[in-house]
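The same subunit A turns up in both complexes below, where it pairs with subunit B and then with subunit C.
The block that comes next holds the complex of A and B.
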């Protein structure tokens, strides 16, 4: 690997501080008992006080069953995975058509797709609850998963449309000429080519799903805890970053990070060593 | 911000309009006959408590929605309340919410979809003021229960007793026993004795102005329409009430005032707030924190020397958790009157488990839990001390956390009632127009406009 130029080093430095920078005070805050002006670092740390109080502090609270972080994490991941899978099944064909075909009212349809992003979340949430109540479909995971599809699909279709737009149709034709079946074409040519796009779209979907609060609360009738509902019940309205809020904020980053770590290998193998470049 | 609030309000109106129109399209989940009979029998006093408890065991669950921002509170509920409810054969499921408004909206949406008693999702909400007013106005409450559960004996519900006021009226809205008093609060201020000595701290609004001129930028208050900000403004209005009657006129509903009368009542207070504004934090571009936690951050970061919010034992609780420095003390400000009120447990009209909800409110108002809550997490008694026996009152006294620099007698002497909810709405709008937007209209016209638009 050749060494980096000065400019590149500076760029990487800013990139890393930009991404990791905000996490530093967050981590410190999550470990503090008392951190006030004018101290640069906490004057009393959490571990100095943890045995003197009957209530669990900071990370003790987060790991205590009372915080409900573990079931909330399970719910969050389960919801995000189901939403992503369903959204992919719905969005892939839609994106393919949008990228490759022209039809009457296409731009209107694209605008329609983005509608849930334009309408305020409050209106979408209460409206959706009203409809769900009609079907007796509320207050559970299924309702939340269906509800999350609404803000996720528009993003996903957008990302996948771009990917399909860049896909060289010639490659699919070549495979067909060589006698590949439709399934084989999809499995061995089309799918590997769009995989990076799928993973990017899936990451989007997971990040969005893990952060939806209002929709989760109303459609779930407050009966299902997720990391977002726990965090929002702590910090909504802004304000002091107490140790538990700071810790929860760090915890809520986990599902996205896990997914990144998980897909990192796949991306590397499929895209960079597969030798399939767009030429 | 105010524009945001306005459009938010508009949005809410639109949503509720839509909800009302669509309601007719939905299949009704009307209350079952049996559950409706239970409700009317209980409210009219025909049911014995053991019958209620039996039904509650059959229901098996109760869903309580409460503000969940405090680890101490959440832990206390899990540790103390959940086992007590389990003894009664009921599983307590709590939903931790950031804003009580969310639970109220959930109830109203369900009602709009035709979900009546037994078919909603919320059994009890911890609330007061605005949110109770909304549920009451929308007729979304279960009914008069608070004076009928056994532990109501610890609460003064006698209409003829002036001390019952805090239980009978919630920000001026008659409670009619449709909510159970659970906890009390008083508006206090706190200072860091290391930065500002008690002797140098202002004691009333006149002294505050002089103090601010000497120490510009060292104080601010939470921005209305947040209730903490509203309360500060109300306290100032009480203090400058030209009749000298302080809080008295502010107990009346807005409909009992002409625009002229109301202008006269509040003008001196608002002029005062306008006068001190340039000396608040930020000076020419005054900074009003969005809520009490932002205000606490300003205080902890040394940007202001003292701050005010609700919390009789706030200083004690926050020193305990490390939020405040050890040198933080309570300040009795202003000497013209510090607003005191209670907060309550309300049961919505469409509670899915109404009997369990009744048992829950009874457990929460038991003396044992009232004292445990006071001792463990520093939430003041909801029960009325004069309704307790000698031994009970002593036990309650012994459980009181430290007040840090003031005495209970002093705070008790300065306690005044909060403002009628219908006035609160008008006052917050006048503040936004007159102080925040710096409206150029004469003050009387601002008031008239807001009264009409209300």
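The block that comes next holds the complex of A and C.
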């Protein structure tokens, strides 16, 4: 293999620092008991005080039922998965039509689709809560899942429209000519070809859903804990980065990371077998 | 009348443009070329037969059965696309067996057919390769195998040689021709290249702007075009306008030319006529040493001479006209020489009247 040039090395160094850099102080903070200025590292670590204090500290607190982090984690993952699945079911046919067909008012429709991204989240959240209250649909998971679909679907339709735009329609015609039924065409040709796009869209959706605070908080009425609401309630007091907030921030990265690890193989195999539409 | 018969089929695009009406008959087991420039409607005609472009009018038959209303997957029509449309997520043998697997054939049956077609298309050893690991010629053969393994009644090929390197074309053309003869499959292919059409086809259909201009054997199309468009499309560079002055005689710019084709018999003295002489059928010589009573000679001057391997390509001026001449390069005549043009009355073709506009 060719060795990297100096410029490439520098670029990679900054890239890695940029991504991992912010995580390093977070990790250290989550393990600290006292970390004051100007110390480079904590003067007292969490495990040094672990046995002497009665209340659970740092990571002990995070995993203690009192903190409600574990159920919040479960909620977050459950919401993200449901949102992703529903958004896929809604967005796939929409994206296919947008990518392959022309109809009157298409550009207007596309603008409308982007509306949730343009309108401030605060307005969307309050408006949605008012509507949900009419139906008594607040303070539960279903309400939150529906609310999350609003910002997720526009992103997803966009990603999938690009994927469908790149799909060679000749592949589907060819499958029909070879005797495949409509279901078989989808199952054995269309789906495998757009799978990488679906996974990318799903990753987007999971990342967005796990990060939404305002919508979750309003529509959930503070009744449903997610990692985002816990984190916000934790840091509302002041700017201080206590070990628990730092730990929570690390935990919130987890769902997306897990999904990426899970789908990594599929994405990689796709690249090795020639990627999307190389024929 | 076994074979494929199209009866006034028409289709329309979203923008309102129409193709057709197209009618032709392709006898069973023969190979036909649809020849035309891009936009002439030849690929659309293939797509109509395949069922990918819906008919707005007309119908077509295979062995007297109307197949124009059948769904795509039940037509027994195989089509190889210009870009081959091989499935990138499947390896060679799974690409080829796709159609059989979709039909739910047994594993033994599929394996037997797979072995047969892989042998026929010389793909042995490539079974586990993926599409991006294949050369252009190999992709072409996989696409052919994938279609032929299903024993279609009709094989459609869209520009089968256009995606291949120049040195591969002739080899692939011969391969396709042999395979087609061997399997006896009724084949229709689309091309914009007249040489390709002449080399491969039993029958040629020339299309222009959604309509058929002429159908015939390669010799018909090449030597006896029925319109100026066809003549030009087949690379006939020498079209001479003139006036009929007597039986079988047309007065052109270069002199009075004797013509032996029948179409001229229908004309009267004084009528306008257009004559076609193919560049290959004219001989030029520095002396008029021509004892053949059948031949006719006219004086001319060489204005350009290009060496093209075994062939010399000349432009010669005679009167107000310029003509192209192609002949053996063993004798080379330099620019500026006075020469005599010689050709036989049998090689002069008078184009029909309706094409003079």
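Just so we're on the same page, the second predicted complex is superposed on the first by the 256 of 279 C-alpha atoms of A that agree within 3 Å, B and C clash if a C-alpha of one lies under 4 Å from a C-alpha of the other, contacts with A are read in each partner's own complex, and residues count from 1 in each chain.
As a working rule, a contact is a pair of C-beta atoms (placed from the backbone, for glycine too) under 8 Å apart; a residue touches a chain by one contact, two chains touch by 3 or more.
Please read these numbers as outputs of a predicted model, since none were measured by experiment.
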**Asked** Once the shared chain is lined up, is A:184 touching subunit B (first), subunit C (second), both, or neither of them?
**Response** second
**Greater residue coverage of subunit A in the superposed arrangement, subunit B or subunit C** = B
**Message:** In the overlaid three-chain picture, which partner chain does A:221 touch, first (subunit B) or second (subunit C), both, or neither?
**Reply:** first
**Request:** Report for A:39: first if it touches subunit B alone, second if subunit C alone, otherwise both or neither.
**Result:** neither
**Asked** In the superposed arrangement, which partner chain does A:193 touch: subunit B (first), subunit C (second), both, or neither?
**Response** second
**Asked** Counting only touches as set out at the top, which of subunit B and subunit C does A:168 meet: first, second, both, neither?
**Response** second
**Message:** Considering only the defined contacts, which subunit C positions touch subunit A in the complex?
**Reply:** 14, 50-52, 72-74, 77-79, 81, 83-89, 98-99, 102-103, 130-132, 139, 146-147, 150
**Asked** Tell me, which parts of subunit A touch subunit B in their complex?
**Response** 32-34, 36-38, 44, 49, 53-57, 61, 64-67, 120, 122-123, 126-127, 129-130, 133-134, 138-139, 217-218, 221-223, 229-230, 232-240, 242, 244
**Footprint of subunit C on subunit A - complex, ascending** = 102, 168, 170-171, 173-181, 184, 188-189, 192-193, 270, 273-279
**Request:** Would you tell me which residues of subunit B are touching subunit A in their complex?
**Result:** 8, 11-12, 14-15, 18-19, 22, 26-27, 63, 65, 67-69, 71-72, 74-76, 78-79, 93, 95-99, 102-103, 105-106, 109-110, 112-113, 115, 121-122, 290-294, 296-297, 300-303, 320-323, 325, 376
